[in-house]
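Two complexes are shown next, each including chain A; its partner changes from chain B in the first to chain C in the second.
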Partner chain A sequence: MLVVDIVLTGLIIGGIYSLIALGLTLQYGVARIMNLSYGEFLVAAALIAFSLYTGMALSPLIGILIVVPTAFALNWLVFELLLTPLVRRARHRDMLEVDSILATFGMLFVIQGVALIIFGGQYFSYSYLSIPVSVLGSALAVNRLVALAFATVIGIAIYLALTRTRTGTAIRAVAVDPVSAQLVAIDVRRASAFAYALGGALVAAAGVLVSMFLTFHASMGVEFTMKALIVVIMGGVGNMLGALVAGFLLGIGETAVARLLDPGLTLAATYALFLAVLLIRPTGLFGRSTH
Partner chain B sequence: MNRQRVLAGGAGTLLVVLALVPLVVNTYYLALGISLLYFAVLASAWAQFSGATRYISLATVAFFGVGAYTVGVLGESLPWPLVLAVAAVIGVTLALVVGLSTLRLSGIYFVIFSFGLSELIRQLVTWYEVNIHKSVGRYIFIEISQAQIYWQLLALAALVLLTGWLIGRSRLGLALRVIGEDEVVARHAGIDTTKAKLTMFAISSLFMTLTGAVLAPRWTYIDPTIAFNPMLSFEVVIMALFGGAGALFGPILGVIPFVLLFELLSANFPNYFSILLGLVFMVIVYALPHGVIGLVQARLPKTPPRPVPPRPVEVRAAGARLEISGLRKSFGGLVAVDNVTFDVAPGQIAGLIGPNGSGKTTVLNLISGALPADAGAVLCDGQAITGLGAHRIARLGIARTFQLVRVLEGLTVVENVAVGLTFRRDPLPGAEVEVVARGLLTRVGLADKADQTAAQFTYIDQKRLELARALALDPRVLLLDEWLAGLNRAELEQGIALIRSLREAGLTIILVEHVMDAIRSLCDRCIVMNAGMKIADGTPAAVLADREVLRAYLGEADA
Partner chain C sequence: MQSGFGRAWFKAALVGAIGLGVAATTAEAQQSIKIGWAISKTGPYVGGATMTLLNPYKLWVRDVNAAGGINLGGKKVPIEVIEYDDRSNSDEMIKALERLINQDKVDFLFPPWGTGFSLASAPIFARAGYPQILVTATTDRSPEFAKRWPNSFWLLGTATEMAESAVATFTKLRSESKIGDTIALIGVADQFGIELSTATRIALGKANFKIVYDKSYPIGTQDMQPILTEAMRSGADVFMAASYPPDTFAIIDQAKVLNYNPKVFFTSVGTAFPVVKQRFGANAEGIMGTGGWNADSPSLKDYLRRHVEAHGSEPDRWASPVTYSSLQMLQQAIEKVGKIDRAAVIKELQSGTFDTVYGKVKLVENRFLDVFQTGQWQGGEYYGIGPSRLAGSRAPVMKPAWKQ
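After this line comes the complex of A and B, so read on.
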């Protein structure tokens, strides 16, 4: 059952992509920071989950409880210390975008360099819950299903938090219009810092989940950053539902290319798909055209 | 002239001295010289496109790698000059295809696209090599010495700087700067933005491709990870920004310290290379947003501008007849302009009024080509202009100002006006531009402020400057979008007098306005819009007494 195989594997990868994209949407859509070092935080979380599991026999599902709050705090600090000066300096949004691209690009090298020194350049993987089960006739490892379940729960929780709580509403207001948000007594800087940190926490969670079933190495962060960007832009910047659909599309498309054509072409297919979407609908699949 | 001759002589001497370097230094310094030169070419080429237009491109390595690979594939079967020519053709073709499809993306989309493009090309080349060529790498055996590589790069460096210098003094250079400042203004000032960006992107890519080709024989072995190393794109960006991407020699000021730094870091701290590089990068972003050249320029004594006596320019215009029929535009479900039809006679001032959100500015955007209409036609003296690009409409003599004032703050006041004079239908010869620009500034009351920067201007002065820029297009029709809004009593009277004098000069004017005094005293007739539709058309007195107009403005109860 090749089709079922492709769809199931694609859904699992796609679920992770959606989660990563959700975090980037928060950082870019709300805090207006285009974070090129985003994927490095994912890889760092994966590496830490690996060390916790192999060094202290700590299950990644417990590791996630340590990694996520740490990532939240760390990203808050990064925003307050490194990015706030850029936000203050920027005269308009475009300027902040360029500045943040350049600054986080430097950060990318620093994080990657540190990771390389500590962990070296080799590939990592560990075996946790890799028990095959049969789903609709195709064999899947339990760890993948657990990862998908976690991603789903986290995604729904974030969605509810953003749509049903005061803080969530404030964050969405800042995403729509940071200037007007101030007029209704929203502390834009705090909301931005919170959204940025939350985005960092989400990508760290994704890193732990990914580490359970993917082989990874210290310098593959850029790949995840690109994929997150592709999903966000394809789904339409700031559109959570769009990011979800685009994430699954990308996951299934990638798996289909790997299985049906050639595994060596998956990345090429991803970029080709992305470039095509950008050219046909520059505001994304579900993005609204602006006036 | 004298100063230029001295500069040219100096540059020539420097070139000869640099050309002699390989004859006297050892291989280590020759290798260093090659690194300096190839980064100098790449960073300068990058800055000529990205520095001016502010489209940050991360595709440098895509073109560089394509050049290197062309040599890898064809190097042994064709004579060297032909190999370079083929590489150049491939590079420029790629740039045109990519540019045509992507340069309408702006900001972040372009950055990500350019990065994705390099990765896509790298993936495709890798796949081709593995599956079709059956080997990841290729050996390059071409009889070219290091000194010959050095000389070729030196020639490229000289060429790229010469090109940059010539472009800086040309219409293209001005067009690119205006695009970098404000692309919307550029289009409405008659600049064919697509053509300008595409031309510069192709020139810049040509140099990058050639650099890759010239440098390829330096490696005896290449594979996609070497030729398409994304690091290169970023290094070029850092160097150019560090030096200063806005000035001709800026990027080179960044190349020299960085190449030496790379050399130092990779020789002494190979394991910490990327950390140190990242830290240096961040320091630059925080501490030197305008690059080294920004520091240098800020310290240089400013040369006072030559005093040019202001001569007011006669604005004489043959106002055109504007016919608008069945105009329609919707945004998603919202119909912003619904079947609007009206004519404006030559030399007439027509007021376009209505409550906020009634579609007045959208009508102006449809006439000026800022937005494409869904249906309907706009005729200017009988010529259909619907569907034309904004720059072509501007060149036909339909000029506009913006509701939210858009002056080009990075340009001088005179340059702001010069833009219109340079890109209109019958552009002024270079020598006359400044005189006429100053004349137009005098006409709108800015004679004594012509040498300030527009960033310091008050609101009324910014509006005046916008008007002067519009008049520079030698318009037949002038579209003023709330040009009088936000002015105080005295300024308002001056503004009204100015607009009246333009009508007397013969211009056809459409005035979107809320200031009723201005409408009463200026407009020959008024078109009233509400919810996208025209609800009244007549003399100001008549339409302002119309029951439906009152209802639109004041609501049901008050009417």
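After this line comes the complex of A and C, so read on.
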């Protein structure tokens, strides 16, 4: 019973980690943009979900239908206007990574500043679907189950789309070698923009979903970016399945430590797990060596 | 509000541009009283700083200027504000304070947010001779600091006072045979959380309570289900969390999901925030926590109304009204002195009695002792329940089971 409870609670917590990381693994793994303002996009979506819910009584599950397409369009625009010049002038991948870090670091402050002006600095918190359901004897909250289901379904769907479809293969080709991809008539810029915008749409969805149970404020984006980065690197950059599995591992590891050892060690457990994975597989669980 | 601040900036710039010639003449007939503060408007502290300091700061400036200003020897002088964002960074905070003192030459300084920043800024206030009335500074060493820096005033009590007040409430319930003597104690592993947990352990030991579960969790944790499940399995009558706002809300939310119904449910910082009743509605009933106020007092009711009018949101029921009161104390001390004489104002703060929204305030060795340390949500309002000797203090009620 204890084991079942730990696994279920761990999956719920891990599902949130995976959910937060899905978008970044696309943006960083495929579009090669190390987006430091990633968490800010998440918080922005959470703030919008909050105001839709409290201001217009609009369910976040309907709000997500508004926020996600908007985020997709907005992120496409960001890629075209802000990041394409960087892609163009980058002579190699490392240069693009450094440039994108600098550019998105700036973007972080712009988004945060706008959010602070509009929403102010206080804590935002509301409950939606905070209803318990009993699964195999463990009480779980419906809102967190929704987040877990979304992460699993979307994560697997995109993984399949990337590995089984023609477009997906083209996108992966861009991720592996953008120069050679052009030689086989792949529109590299378009594929990158698509991956980046899709990542932006996913992080917006994550923001809306976590707003149902987490307390957030306009300046806490960096906490989400850090968490997402750990999951992405642990799972293998660019691999959706990796992000899912890494999130679950972290969630279950954390819960096991909290229940069996000491809740004070959860953070230590997270980083120990992270280090252990990187020592055994430096490119992450599902990562392929790139050389 | 916004345009008022904009004007203040403009005026400050103008004074700077015209130069010292004009500034010198203001000593004769003071045109405005310059008040400066450095506060976290960005970064991790912004949530707490906005709720407990910045909102009452702005409300007070608005109220005083609407009444014509501060009375300096028969002449009303309006307030000018110079504000800097410390970005939740102590180096920035120190730099901004130095600038306010040396370049902007403000008449009075308001403190930055939080215990850490309050302590870090205390030597600067002391060296420059500014009174420092602290609210969001809760340390057990405040009596010692009040002696070291006679210009510093400590209004919100200490972790030990909070712990003792909470344990006194538990003891009262035990003496009425409403609860037994087992307690599950969890706390955030961060400065104030650790201090409150430690003080609570000592107070519980003195009162012969049995701690059957005692664990800490890292700061930033919002997944409380594992730790709550273990607390629940301990079967303790009292559940107490030395928590910060985000974890406070997470603990309440997830205790409800787990249907964890201890006889006493106590969370710390954040319990006094209006978001608790907005988010949890009827389920807030019976939740105990730190802070609290006399919600039936006409002056606090009026404070609530004016706060909503100015900021569009309700104040917290702990530090916010005390912060506003601290500014009323400063104003009354300045008016009593009748001129900008900081040393005399400090003397007046040490010995005077002040009329504030919180009631009559008289400091004892630079500390305010009549502040609520324990509160409880009762009928949609967060009433002070301890120390029970304070005016308006209510008796604790038993917490009903969660409504799903």
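Simple rule for what comes next: the second predicted complex is superposed on the first by the 249 of 291 C-alpha atoms of A that agree within 3 Å, B and C clash if a C-alpha of one lies under 4 Å from a C-alpha of the other, contacts with A are read in each partner's own complex, and residues count from 1 in each chain.
Just so we're on the same page, a residue touches a chain if its C-beta (ideal position, glycine included) is under 8 Å from a C-beta of that chain, and two chains touch if they have at least 3 such contacts.
Every value quoted in this text rests on a predicted model; they were computed, and no experiment measured them.
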First, second, both or neither for A:140, with chain B first and chain C second: second
Which of chain B and chain C A:159 touches, first, second, both or neither: neither
First (chain B), second (chain C), both or neither touched by A:76: neither
Chain B versus chain C as contact partner of A:119, first or second or both or neither: neither
Which of chain B and chain C A:263 touches, first, second, both or neither: second
Which superposed partner A:105 touches (first chain B, second chain C, both, neither): first
Set of chain A residues, in rising order, touched by both chain B and chain C: 112-113, 116, 262, 264, 267
Residues of chain C defined as touching chain A within the complex: 40-44, 46-47, 49-51, 54, 88, 186, 189, 215-218, 220-223, 225-227, 229-230, 245-246, 249-250, 253-254, 256-259, 270, 273, 275, 278-280, 313, 404
Chain A - residues contacting chain C, complex: 5-6, 9, 12-13, 16, 112-113, 116, 120-123, 125-127, 130-132, 139-141, 213-220, 223, 254-255, 258-259, 262-264, 266-267
List of chain B residues in touch with chain A within their complex: 54, 56, 101-102, 104-105, 107-109, 111-113, 115-117, 119-120, 123-124, 126-127, 130-131, 230, 234, 237, 241, 271-282, 284-286, 289, 331-332
Contacting residues of chain A [partner chain B, same complex]: 34, 82, 85-86, 89, 94, 97-99, 101-103, 105-114, 116-117, 222, 226, 229-230, 233, 262, 264-265, 267-268, 271-272, 274-275, 278-279, 282, 288-289, 291
